[in-house]
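The next part holds the structures, each set out as structure tokens.
Look at the two complexes coming up: chain A is in both, with chain B in one and chain C in the other.
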Partner chain A sequence: MHGGDDQHETAMEPGFDFISPRFEEPKFPMHQVWGYAASLVLTFAALWMTVNRIMSPSVLLGVVLAMAVAQGALQLGVFMHVRESRGPAWHLLPLGMAFAIGIGLVGMSAWIMLFKSGVS
Partner chain B sequence: MSSRALDDKAQKLQLAELPPEFQDQEESIKITGFWLFIVTDVLIFASLFATYAVFVNRIASGPTPAQVFQLNTALIETLILLTSSFTIGIAIWAMRQNRQRMVLAWLALTAALGMAFVSIELVEFAGDVAVGWGWHTSAFLSSFFLLVAAHGTHVTMGIIWAVALLFQLRKRGLTTVTRRKLYTFSLYWHFLDIMWVFIFTVVYLGGRLI
Partner chain C sequence: MPALPSFVPYLIHTLFPPWVRRPTEIGAEVMMVAGGAFIVYWLLKYKKLQWLWNEWLTTVDHKKIGIMYLVAAIIMLARGGLDALMLRTNLALPTAHFIGASEYNEVFTTHGTIMVFFMGMPLIFALFNVVVPLQIGSRDVAFPRLNAISFWLFAFAAALFNLSFVVGGSPNAGWTAYPPLTELAFNHTVGENYYFISLLMTGIGTTITGINFLVTILRMRAPGMTLMKMPLFTWATLNTSALILFAFPPFTIALLESLLDRLAATSFFTLSHGGMPMMYVNLFWLFGHPEVYILVLPAFGVFSEVVATFSRKKLFGYPSMVLSMTAIMVLAYGTWVHHFFTMGAGPAVNVFFGLSTMLIAIPTGVKVFNWILTMWGGRVQFTTPMLYFLAMIPTFVIGGATGVMLGAVPADYQFHNSYFVIAHFHEVLIGGTVFGLLAGVYYWWPKMFGYKLNDRQGKWAFWLFAGGFWPTFIPQYWLGLEGMTRRMYTYPLGMGWHTLNVISTIGGFIMGAGFLVLAANVLYSRRHQEKDLTGDAWDGRTLEWSIPSPAPEYNFAVIPTVDERDWWWQEKERRRQGEKPVVVKPEEIRPIAIPKNTPVPILLGAAFFMGAFGLVFSWWDIALAGLVAVFSILIYSWFQYDHYRILSAGEVRESEELLGRLGA
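Our next item is the complex of A and B:
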């Protein structure tokens, strides 16, 4: 590794700053409390919107899915400390890859089933 | 001193600021390895979600999703799991503050919430099967039980892991190794919470929307 001056972040190749490690250890777990509150708000909001059918079902499905993605990001960022690592947080790359493949797999399966013709 | 030696010194200072489970090279590699396990589990759940999305309308002569799912139960399950995700988050925070008794208490609470979750889920499944809505009834129910029970099995494994960790932490205290184990357990538990949020959204809320 090069660049010894910087004590808090390991020097990175240009363009790879996003995997530089981060740590946070506050005296009170404020992040966790906010993360919990936010996940509760998102859950109840999604439930309320669904029960009251505030918009057309297909649009609503997209909205509640977006809220689920937000909750997932919240868990990863607030609780899983996704950027904590000894050196560069290399696990971010395969994790992003897995999310991309997962979204592709589910999305394309759902999409292909929209065509009602053919075998069933 | 050569610049290379200065670099090494800076790196050692930097490492000394890390939590013990990351300072130790072997333990930190195990954490990275656990992330790779989570990556593979993401792919398993993705294929189960894809299967569910394909089969959700194939109800044969069985019930529709709206008939099967009760939002009250699903909401209670969701609240329990969200709370357990919070409690294990606090346990990790307490671990970083070196407060062992607090870690034990929050970890025990997490395991108890996990047990409550699995119990409610089993009662829900038993109720479905009792009225003849088993996993052989339709492709929809097969994929539903496969997806949701895969998650439930993961949670059950997590409970066993948490209980084992409770005993080990009591016996050995917060060592580099037990810290790493608790850390990877928290990753596992939060990951299961994320998967449940998607099950709640796609399966239970989605059941009302399609």
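Our next item is the complex of A and C:
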């Protein structure tokens, strides 16, 4: 950031402790190495399972979906440093909202595409 | 005669198939080549190349990026408008077959796509860039270089999309590009490739812009400016950016999957291979409905500034304005199925989305009443921006009311895909978005360039444009009710549709004349400038009017402390009461870091363009070369470390001195 016009944050409200500042500066980014390896494993495992069709399609879909969610969490936590912040971690609140909207949109789309139709 | 190398006929056949050799295409080609040649000649003759590169093409200054968006949007408005007039001419002369069926398909597709993505969106970003940092007392956006990258991705995508008209062929499946019409099996030309790829490109830019302005507004406001003290245009920008953030990802996926269906033989939307074409429709409108609010919220923001300034009163009901706009933002995410009620997802689904659609009318109504109450008892000045505001009220009210009619599910089974829909969305898109953005352009023009647009000519353009609007679109409601469907290129004369169509076409040409007067207005006012030396051309209320016009590159020599709404108005009020003015004190001026120019954004745009062009024709080597170029440029830019140059306090002081801004 530049221009020196940053906002100054004030003291934490009670009940908002989970956004209190927390910052890690390790000498060697061991977390990231593990995270990278785990991402690769999750990706290639999913590919391997689908290519070799090791389970019935519906089970496979569930498993791959779960692995995708796990990888999403991994990316957020390890590479996007989602829990860390020099000031209060305000970004956790909109992030929660983002999840709510995202899940809402996906859920509603599934509902719409079920075609429980009486009219068409 | 020696035989040509074999690739020459192949290239001619691929790049210039018969459907780009019709008179309209040849005409456009001649115009493009002549125009391009003239620009190059002009640049060389007046030795302007260096200037163009240094001042514009490599700039990262938000004010200049805003102006470039504006220029691009006006050019695209001309293209989209010409398309519109071709369509209207065809419909007024149903027996003359001015353009045939397939060309009609292409022209309504490019018209809709250009108007939404390459005219509406850049015009919005023009205002964001020009206005928001100045309104919140910031020196730039949060990520100036990304901002330039957004612009160049848009600009090259627009160029690519327009190129389709003369090279390879235009897309022809409507601005919505539904499968199966877009699937390779039914659509062999490269047109739809152009559509998907150019929208992917500009979509990346748009998403970045959304993030950029979210961060800018949340993090870079002047001290004292809490959220509830922000001007409403800034609020509109914040809400629009929040809509962009979630609306564009589903669209990106829909475009990418459609493209893969065409280029990589996948079958995401191919019914015969177990794909789900209706899922495309769902994803498209998951984006598409928020998109229409992306287009209209900035216009609401403009109107809120315009009506307060020209009524010389503070905006009526500020908190309810903020609340209603935010409510619209949230609700906008929950109505998308009203675009495909007829898919028949079931009564529960349709009722839910019908109700959510009608719900949006409530916060919108709140805004309209607040604007009217702002004028109440004020001293209203009928300037050009104010006229656009006044014209918006009836159009938007009718457009909104017919929108609610469309939201009534059983009725929509009748209205769907008819001219009723065309009339409805043009009424809100032109009456809301275009009127609003034009008002914004007239209003902030002096801030951008340091002189006003001539008001007399502006009013002529207004009366033609807004006056032509009614005969163009109101008859279409009746055409829709009488059964005329959208996207038809002709009709039998016995249907009784002819008179209304002729009226509509005449109205369209009146609007076209309005555009010409607007263009003349710009050129004339440029030549006969009356410099505004105050920086406050309209006796404005918000922060951007407190600095010179055009703003110096650092915007604010000293960032003001803004602890009230309409700070600049209140400051002037205090001055009128004899208090000492807040002025820039020389000793408060500190050195300022200014982001340096960089060729990275424009090169990145060009590299994307190359890769995209390769993809359009499935020339994989060129596509790959483009990809390599993109990565090379990114890697080059990683190793550039000093992105800022320092403007010393002395230089800033000198510049402020010249602008007559230094107080004791």
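The rule is short, and it goes like this: the second predicted complex is superposed on the first by the 99 of 120 C-alpha atoms of A that agree within 3 Å, B and C clash if a C-alpha of one lies under 4 Å from a C-alpha of the other, contacts with A are read in each partner's own complex, and residues count from 1 in each chain.
To be clear about the criterion, a residue touches a chain if its C-beta (ideal position, glycine included) is under 8 Å from a C-beta of that chain, and two chains touch if they have at least 3 such contacts.
What you are looking at is a predicted structure, and each value in this text was computed from that prediction instead of being measured.
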**OP:** Once the structures are superposed on A, label A:L40 by its partner contacts, choosing first (chain B), second (chain C), both or neither.
**Re:** first
**OP:** Would you sort A:L76 into first (chain B), second (chain C), both or neither based on which partner it touches?
**Re:** first
**OP:** Figure out whether A:A98 sits in contact with chain B (first) or chain C (second), or with both, or with neither.
**Re:** both
Subject >> chain B versus chain C as contact partner of A:Q32, first or second or both or neither >> reply: first
Subject >> Touched partner set for A:T50, first chain B, second chain C, both or neither >> reply: first
Original post:
So, does A:L61 touch the first partner chain B, the second partner chain C, both, or neither?
Top reply: first
Original post:
In the superposed arrangement, does chain B or chain C reach more residues of chain A?
Top reply: B
Original post:
Thinking of the overlay built on chain A, is A:F115 touched by chain B (first), by chain C (second), by both, or by neither?
Top reply: second
Original post:
Once the complexes are superposed, what residues of chain A are shared between the chain B interface and the chain C interface?
Top reply: 1-5, 7-8, 98, 101-102, 105, 109, 113, 120
Original post:
Any idea which chain A residues touch chain B in the complex?
Top reply: 1-5, 7-8, 10, 23, 25, 27, 29, 32, 35-36, 39-40, 43, 46-47, 50-51, 57-58, 60-61, 64-65, 67-68, 71-72, 75-76, 78-81, 84-86, 90-91, 94-95, 97-99, 101-103, 105-106, 109-110, 113, 120
Original post:
Which residues of chain C touch chain A in the complex?
Top reply: 137-140, 142, 219-223, 245-246, 250, 276, 278-279, 282-283, 286, 333-334, 337, 342-350, 559, 590, 592-593, 595, 644
Subject >> Complex contact set, residues of chain B against chain A >> reply: 3, 6-7, 9-11, 13-15, 17-19, 22-23, 25, 28, 31-32, 35-36, 38-40, 42-43, 45-47, 49-51, 53-54, 57-58, 71, 75, 78-79, 82-83, 85-86, 88-90, 92-93, 96-97, 186-187, 190-191, 193-194, 197-198, 200-202, 205-206, 208-210
Original post:
Can you list the residues on chain A that touch chain C in the complex?
Top reply: 1-8, 98, 101-102, 104-105, 108-109, 111-120
